[in-house]
Every structure is written in structure tokens, then in C-alpha cells.
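Have a look at this one before I ask anything.
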Amino acid sequence: MNHSFGSDNYSGVHPKIMEALTRVNEGHATSYGGDEYTAKAIEKFKEYFGNDIDVFFAYNGTGANVLGLASVTKSFNSIICSDLAHIHVDESTASEKFTGCRQITVATIDGKIYPHQIEDRIQRVNDQHHPQVKVVSISQPTEYGTVYSPEEISRISKVARNHNLYFHMDGSRISNAAVSLNKNFREFTRDAGVDILSFGGTKNGMMFGEAIIFFRQQLSEDFPYIRKQGMQLHSKMRFIAAQFDALLSDDCWKRNAMHSNGMAARLAEELRKIPQVTITQSVDANAVFVIIPAAIIPALQQEQFFYVWTEKTSEARLMCSFDTRPEYIEKFVKKLRELLGRL
Amino acid sequence: MNHSFGSDNYSGVHPKIMEALTRVNEGHATSYGGDEYTAKAIEKFKEYFGNDIDVFFAYNGTGANVLGLASVTKSFNSIICSDLAHIHVDESTASEKFTGCRQITVATIDGKIYPHQIEDRIQRVNDQHHPQVKVVSISQPTEYGTVYSPEEISRISKVARNHNLYFHMDGSRISNAAVSLNKNFREFTRDAGVDILSFGGTKNGMMFGEAIIFFRQQLSEDFPYIRKQGMQLHSKMRFIAAQFDALLSDDCWKRNAMHSNGMAARLAEELRKIPQVTITQSVDANAVFVIIPAAIIPALQQEQFFYVWTEKTSEARLMCSFDTRPEYIEKFVKKLRELLGRL
Amino acid sequence: MNHSFGSDNYSGVHPKIMEALTRVNEGHATSYGGDEYTAKAIEKFKEYFGNDIDVFFAYNGTGANVLGLASVTKSFNSIICSDLAHIHVDESTASEKFTGCRQITVATIDGKIYPHQIEDRIQRVNDQHHPQVKVVSISQPTEYGTVYSPEEISRISKVARNHNLYFHMDGSRISNAAVSLNKNFREFTRDAGVDILSFGGTKNGMMFGEAIIFFRQQLSEDFPYIRKQGMQLHSKMRFIAAQFDALLSDDCWKRNAMHSNGMAARLAEELRKIPQVTITQSVDANAVFVIIPAAIIPALQQEQFFYVWTEKTSEARLMCSFDTRPEYIEKFVKKLRELLGRL
Amino acid sequence: MNHSFGSDNYSGVHPKIMEALTRVNEGHATSYGGDEYTAKAIEKFKEYFGNDIDVFFAYNGTGANVLGLASVTKSFNSIICSDLAHIHVDESTASEKFTGCRQITVATIDGKIYPHQIEDRIQRVNDQHHPQVKVVSISQPTEYGTVYSPEEISRISKVARNHNLYFHMDGSRISNAAVSLNKNFREFTRDAGVDILSFGGTKNGMMFGEAIIFFRQQLSEDFPYIRKQGMQLHSKMRFIAAQFDALLSDDCWKRNAMHSNGMAARLAEELRKIPQVTITQSVDANAVFVIIPAAIIPALQQEQFFYVWTEKTSEARLMCSFDTRPEYIEKFVKKLRELLGRL
């Protein structure tokens, strides 16, 4: 399949990461994370986030999110998130099934949630009849490709602290956020008050693997058991570890994310020149949301596939990846203009 | 780390499979299994098992087992297995948590369970107060490295049918069983009455990935939802598919398993010559269980690591792998003799 | 404690029902529902709803609702209800924990949900990533004391049928609805397309006990197991059965509900004469929702307790019961006028 | 139905308790336990067990057991109990479903479990792959009608403490145990090291209702939420409270239990005179287990019903109740002799 704007998980594995996989494929390694590669990859994370953290690897984003949430909730709790949150719209009922908790959603227009919305949803505290809110979960970048500023995150964190809630971040595309903000990972996660982070690998050039990072170590006490029970403990762990090691080395994560963000910016720039289409969201990271006349969408998808995000408004999501090339954008925009011309 | 007899998941990825991973790392592919590689890998499975089956990929053995069991049970059911079954001793409470069902164990000496044992455990049928047995699960080869004959499996299947139970097989090392029996996969699974099979990849040279195969297609209706909810749906699915395609091509699975079984046989042969140690189980596949004087175990583990399976009796498990070489066995046996000599 | 408008579960047990409890307290009876009293009570239900139904008794409304929902869902499903539904706001996360399903709420102003709202929430059908809607649940009367007409219910039922959803009714105050509509139970439940009904007893004069009624018998196949597992199977079942028998005999249910509805009507009538308070909902059954100046609420609660339903708007819920007497209303209204006079 | 030896839940409600139910059926009471009757009943429990305890009421024994266990476990834990434990054989998979935990059973001949058996089952501590034992649960009296001495209980408690396990007692017939031991409740529960107690009411003359008692108050912190979520929170709580108040007043519990124990002793005495039948267990409480020739069982059950406990050995369970009268025993024994005579 040619390049597409379908998703950053339509792309393959970055060559540096593939190389790392080959490199560690030597001899035997203790399974389930008792190996040196895993220790080394965890060290890498500590370089970015500080030493007093706990890091665990899981297979995928759903696993990382759900197990992270499970580690700080009891089944009579609830979890506040946006109504577009991946944990809400794209992870089946994994979080309900595994944690027992309810998801409490707040409506979002830009993918973000705001402190007052959280406060509005904290109801009937200490009332046995009603689910007790325990976690706020945000996505950074959001599902709309927008990026919270460190200040926005700090403000959410303050509300969370005031109400005795934990603060979870779904960072499946966290590298894109870091590049967008031009900040270290730490500045808009740990230092901004996040407690638990799903650190994404797959969408930034890995084959598989996500990390769950606990910034308060006491929260991770049960995590090894939760992960095993949650069917997310890999046996040949070195092959997740090696990928993260490579991703976090030599700025691989940054170069990939700079590239995909840059491609999205370029794509947006081209689209803004076309009066018949309307960009709907701030292009902060690697996604462009754009309203395209419905009539031409199927033909345009033939050129390079993308998803229609909102059927009603004909809003498309164009996702750029570490392997998106300028010529793909050119071709896409050219086709778009051509199809619009025929309307 | 040097070669070990720790586990077949201490070994890395077979070169043919690593090659396949590199080969499919080209361009974009639809995620979540909508790609051509996944279709092709499923076709491969159909060559072995027949066309009217359903095949799904998951991350690991625990996932494959638990989700397979979940697809044929309701939460008030119970599952009969051996008291050494992987689902019982090595998968935390994943099956209880995810299915709600109880595991009913039968004592085993050779890793196998027998029809009369199953019948003994089918109690209080249609009694609302008591868990209702719904599945028999066996491991092939067993956790003791023994292999059920097709006839033994058929006999279990008959009991299952008679009592309206489903028949699940944990085939995390199924290739070793096929080689041991010198049979096609189909002869001792589908044709012997198995309904659902966890087909193992990781322990026979893959990096990650297991398959769940439904031999009665009506049982798989909900599986896509169960897998997603169970956090076992991979986004970049082509990278599991490509591994299975390679494993099932050019007899890669068979050559790997013949090698590891052969190494176990050779190791057993050498150990049998040593009067101070006792092989405890029939060496049918790639594992050797052997009682070794406790005093020398730590020093021997230094040479090449292995697990003590039964502390009390000082029974060790020596697991051979596709990458075990004759010289590793020689070295190990030499060291063993040396240590025994010093006793 | 004196009479209150707190809840219909603040009231005690109706004398006819207490009598029935004493009457069946003779000799031994088979436990867990195998007794003649249970059989007789089930027959009573069949007189009202037809013979081809299945009836089960449970302890309370939460149990009846959650187990009814569990009997027609799989854990990857979702359940549509109003955002005021008892299952949503007053049953903790019982339904998430026990069924695994998500609740999908629609905003309500009058306690009811409408067909177009249901259709709006049926999204991403057959998409493995997203919870699959399987049930619509309504409360009759609603939590706002309003009552659906049979036609309104039929319209919901049509939407449910069209989308292959089951239709559940929480009838914890169903007798009040029947009296309000002046209809037989059957006309606005079974005949209007409801599949599963929680038939309330406790709030209409019983000590404990609710019934779950399946209008399509194939849906109840697993119910005995689900109820036992759900910890809702009573041993001395005759004592639930006898209560239902008494409630359904000699129009006890109807007289009780006529009384409480009548008292609510009378109370509403009196309140409407007072310009400083505003009735917010149609008084169809036994509840009156009324905005009362916040300043006088504590003093008024001293007179006869009631709950503030909406803090922000100072909306109170005044719930009448089978034992509410006209003089209680008089006293309450008098006190209200007196307190308002002092403002 | 005439008197039977079926179960102590075949009997009805003790007159003193029925009286109490009528007595509290006056006026309104705050629901869900916020009433004075509930406060008073809890005070009663404190008279027996000390002030620094927490007491909660639930509907039934399954609810009391499962919710008590849920309050001290995480889903990756396991629970040790006898293979005859009510939680194991008669509560469906309620505990697996609600707690996620596995039950680890030890074989029992007399209904009891012994310290060494517990130690044998504590395996693979801190191993993420294996369920982690967290609770020991015993039944007092056991399902075989035998009664642990305070010393036996203390010994179990010591093992529990040593291994950081909680100690749960299913006391569904606890009054019978107290009478059998001629001890205060406290001496063989709290003072013997029990942490959580299911205190049974229904089988000793109540209509419904069990209590969960926490002897370490920090363990009960979440219990209100767990109970609500577990569908075991009664609205008209005064009607459970009043029963317990009556049961615990004027030695009602003791007189009932003395009576049923006495009747069992008398029955056993008579049976011991009959050479063709064999009493299999120590008759410590209100149950007699006796082997009766299979051929005459159906006819004998016609006389007064009882359960066959062990089909294979033709072992019957004869359960006495607070309402068993000497003449029932006489009649039963007479019939038994008559039937034996005809053999």
C-alpha cells in the first residue's frame, strides 16, 4: 500500500528501530523483563523523567491506558475524560471491563478539557450511591491534534489535587507534543503534575510497545501483577526495550516527531490556500482536520487513504507520519485541487 | 547472555522471521488487521487446518488462552484443566478476572488429564448454586513436555461432547507436538475434536504473536470485540502476520521444532548416562525434566541457566530451543558431571 | 421518625403485606424458590402479564436492574439511558462492574428519553473499537415523577427493534405509573414492546423484594445462574413471594398507588396556590418537584424531611407514599407558608 | 410443608423476630441505614464484640461472604478455603466474578482446614505470574457441622499473620458454634484473630439479613461503596436491623441455637442406636451427617425431607432448626427403623 494519511499506525517501523531489533537478536535473554536491555531502556526513560520513577512496558496503547487507570482506581470509582478521548471512543469497553469504573465525559470542541468542566463533574462526593471520581485523564496531543500547554496541564493538575484525583495522561503521540511545545517531556508531564503517563511508541515508528510511567512510585506497587493479569506482559521483553532504547537515543523520537509535525504544518499550509476546504482545528502536532466537500472524498481517498472523522460535517482527519514525504503532500493537494475543479 | 535452558522464550527471533519483519516494513498498511499481510497469513493457516476456520492474532499466550476461553463461556461457568496448566499456574488470575469463571483442576503426574478425571469433576449440572462446567482445556505439549496422542485427544473430545463442553487446546508449543507425533497439525487438533486452539508463535522463534483458531466458526462471532476489549488487538498487525507467514512457510516451524525436540532428546540421552540424575518425564518434545542433586544446582545454573521446577524434589526443567546447539549440551553435561564428581 | 416526603422507601410495610408475611410463617418451605408460595406469586404475575413469561424475585431494585441488564448483554455492549436514570446516578458502578458494559446517557429535561435521542447515540455499529449498543433502558415513572404514555413507549420500542436492541424498563414504581395511566400493567410494558421489566415492590409497601419479568422467555435462560452469582437469590423465598402475592391481590398495589399518586396531586394543588414556589415537572405519579427558596429549606425539612434534588436551582423532591395522609400535607404546606411569610 | 431436615433455611421466622418486624413498622425511617434502628442494632453487636468494630448489614450469606472478601483483596489475589466451603461449592462463581480472585482449596475430611494445609498452598510469593494468596476463609461451624475450637482458630490466625493474610470467617451458623463451644462470640472470632466475620441471621430464625463485621476498622473504609456496588444495600434497612436487634436480645440467638443443637444431639443419639446407619461426623452443632442405605432414602425423604450430601456413599445431611421438635425426630427415627426393617 502506498503512503496514506490514514493513521500514524499505517506506517511501518523506523529503520533505526528495526536495526535495534536486529541488534538485540543475539543469544539468550531472561524473559519477562529481567534482561539487561529492559534495564537499559528504563534507564533511558529516567534520563528524561528523573530517577525516582517506575517504568513498565506493555504491548499497546489500550493496554497502557487501561492498566495505568486500573492501578489507581477501585471499581466504584469514575474517570473523567473528554468525549473524544481514545479511552472513550476507541478502546471498546476495555476500561469498564477491567477497572469496573465508569467514564465520565466532558464535551470538547478542541479535544481538550478544562478545569471548570472537571469541577462540574465532581458530584456527590462520599455518597455511596454514586460513582466516586478518582482520575482525570487527558490525551496529549488530543485526538484533535491539539496540544495542551504546560500551564493548561498544571491547571488541570491543580483541580485534580484539590479534589484528591489522580492525573493520567494518554501520551500515545507524546513525542509530537514535545516537539510542538519545544519542551522536554518532563516539563509538561511530571513537572506539570501528571501522575501516570502512557508513553507511546508505536505511532512514532515502533513496531509495538508502549510504556507506562509512574511519577509517584507508590502508585506502581501492584503494577507487575496488574500487567500480568491484564495480559500485557511480554515474554521476549528485550524486543520492546530495544525499540524504546533506540527511540529515545540520538533524538530519534524527536526527529521522527519533528518530521511528522512538519509535514502536517506543510499540508495545512497548502490546504489553507484552497478556499473550498476549511481547517477546523489548530494544527499543533501531526494531524490536520479539514472539511472537504463530501462529493470528492471517495476519489480523494483513492489517491491516498484518510479517515472521515465527522460524517455529518464532512470533516476529514489527515494524519502525518515519520515517513510522510513532501511529494506525497504535493500529490495529495494536487489531486484535491483537481477534484475540486471538477465540482 | 549466553545460551540457557531457561525457556524457549529466552531465545531470540529466528533469522527467517526477522527477515520477514524487515521485508514487510515497506510503505503503509491498513492497521488492525485490514491489511494484505494479515489476509495472507490467515490463508496459510487455512492451508494447514482447512478453509472453514476463523483465525485471529493476539500478542501473547495468556491473551490467546484467556480470550479463547472467554469466547465460549459465561461468567457462571467453570473450566477444567490440569493443576499444572499454564492458565492455572502462570497466568495470574487473568482467566478469572476476564471470564469470571472458576478453574477446576485435576491432579496430573505427567502433565496430561484423562477422560475419567474430567467426568469426575462434572458435578451438579444445572444446579444454579454451583459453577457449571463448560470447557476442558489441555496443553499440547503439556507443561511437563509430554505429548498427547491423537487418540488421547479424541477420547477427551468425546467426553467433552457428551457433556456439552467446549474443548480448548493451549498450543503454545504446538509445533513441538506436531514434530513429536509426526503428524499434521490438523490431525491432533481439529480432527481430534478440538474447538479452539491457541497456536503459539513466540516460543518457536517469533518475536511476539500468537494465533487463536476457531474450528467451529460460529464460536468466533464475538471474538473481534472480545479481543479489542481484551487489549490484544495490535495496530500494526502486519508485523504479527508476517511472522506467522514466515513460520508457516518452507517448513520453518517444523525445522525449528525438529531442532529443539532433537536437542532435548540428545540432552536426555546424555543425562540418562549419568546415574546420579533421574529424568522424570517422557521427553516427547523440547523439555527435559530431571532430578539433579540440589547442592550443585546453583553452580550448574551459572553455567547455563535453567529453572528448578519442583523445589522439594530438586526437579529441574531444561528447555531446548530452536537455537540450542549440540556444543551447549556438551558443555552443560560436562559441567554437570564435573559438579557431581565433586560431591 | 414522623412522616416525611423523603422517599417512598422511608415508609414502612403495608399492613396487608405484613399480614401475609405472618401468614406464610408456618412450618417449613423449600428454600430458594422451590416452594408453593413462590409458584403462587408467579402465577399472580401471569394473571397480569400473560402465561408465557418468566418471573424471578430479587432483593432490591439495583439487583433487579443490573441482573436484568446482564441477562441480555455481553461485556462489550453499551446501554442507553437517561442521564437521570437510577441505574446511572444511584446504583454506584454496579452495572459497569457486573455487566462490563458502558452506560450511554442522553440528556433529559422531563426524565424521559425520546426515539431521536436513542438513534443519535447508536454509533459505529459493528466497529470492534467501539462499545456496541445493545439495550435501551427507561424508568417508568421516570426519576422526575413523569409517566411515559403507552405510545411513547411503543415508539421507543420501535427504535429498539429497528436497531436490534433490547428494551428494559426500570419499574421500581410501576404501580404508580399504571394508576397514572389508568392502564393495566401489560398495556404499557409487554404490549408496548418492553422485553425485560424490573417490577418494584419495596416502594409500594413491601418490606423487600423486586421482580424481574422476561416477556421473551428465551432471554431468561441463564437468569437463575446470573441471579445466584449476582448474590440476589434469597433462601427463604416464600417471604418475598408472599409479599408480591399480597401486593397483587385485592388490588392492594392499585389502592396503594392511587393513594400516593392522589396525595402528590393534592400536594401539588396546594403548592400551585403559593406564588413563591414553582412546580417544575408534570405531577403524573407520586412525586412533586418544586423550587422552594433555599433560605427556608432547612427549616422546612425539620417539619417533614425531603431531599433537595438540584442544589443549584433549589429544586426539592417531595415524594408521597402509601401512608402519606392529608393532614401531613396540610401541616407541610402550612409550615411552608409560614416560612415564606417570614422571608 | 411439614417439618423437614432439609435445611435451617427451610424453617420460617422466629416469633420474637416477627414481632420485632411488626414493632418497627411504624412511621417513617431514613433509608439505607441512616435510621435509629440500624444504629441500635449495631450497638448490640458492639456489646458482644467490642466498640471498635464496624458492622454492616447485607441481604444474604453469599453477599456477606463475597463483599467481605472483596474488601480485603485485589483481583490478582487468591483465597484459601476448604473444598467444602460454602463460598466454593454453593455460591456459583460469585466470588470469582466480583473479586476476580481465585479460590485455592484444601481437601477436608471433617470440614475444617489446618495450618499446615494453608502453608502448603502459599506458593510463589511475589511472583507476578501467579495469584498471590491474601485471605484464609473458614466456616464456623463448618459445612460438616463440626466446630473449630478457639485454639484451632488461633492457630490458623497465626499462620495467616505470618504470611500477611487476612482471616475471614463465614459464620452463617455462628450462633450454633457459640452454643457448641459454650463461649462468647468474641472468644472464637475477634480474640482468636479473625479479621472479618459474616455473622449469619437467616439460618437462626431471621427472615433475611446477614451482618459483615470488621474487627480491624481500617479494612472497612471502602465497604459502603462495595456493598452498594454489590447490590446488597437495603433501602428499608430498619427491617434487617430490627431482626438482628431481636436476635441479639434476651438471648434469642442462644436459645434458638441451643434448641437446634440439642435437637441434633438427640437425633444423633437415636441414630447411633441403629446399627444399619453410620454417623460420619462429630455432631458439634445442628447438623447430623449419616450414611443411610440408599434404597430407603426416597421413602424416608417422603416422611421428612433431607438432602443427600454424598451420592456415592449415600451420606445424608439432617439439619435441625430452631423449630425442630422432639416428636419430629421420633417420627423420623421410627420411619427409618420401619424402612430398614423392610430391607
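Note that the chains are named A, B, C and D in the order they appear, and that numbering of residues resets to 1 at the start of each chain.
Everything below uses one rule, namely that contacts are C-beta pairs under 8 Å (C-beta built on N, C-alpha and C of every residue); 3 or more make two chains touch, one makes a residue touch a chain.
As the structure is a prediction and not an experimental result, all values here were calculated from the model.
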| item | value |
| --- | --- |
| Chain C and chain A - chains in contact with each | B, D |
| Between B-D and C-D, the pair with more C-beta contacts | C-D |
| Most distant chain from chain D by Cα centroid | A |
| Whole-Å gap separating chain A and chain D, where each centre is the average of the chain's CA atoms | 51 |
| Whole-Å gap separating chain C and chain D, where each centre is the average of the chain's CA atoms | 33 |
| Distance from the mean Cα position of chain D to that of chain B, given in whole angstrom | 42 |
| Per-residue multi-chain contacts in chain B, two or more chains | 75-76, 91-93, 97, 100, 128-129, 225, 228-229, 233 |
| Residues of chain C defined as touching chain D within the complex | 1-4, 6-7, 9-13, 18, 21-22, 24-31, 35-36, 59-63, 66-67, 91-94, 97-98, 202-203, 207-208, 225, 228-236, 238-239, 305, 321, 323 |
| Touch list for chain A against partner chain C, complex | 75-78, 89-93, 96-97, 100-103, 128-131 |
| Of chain B, residues touching chain C in the complex | 32, 74-76, 100, 128-129, 132, 222, 224-229, 233 |
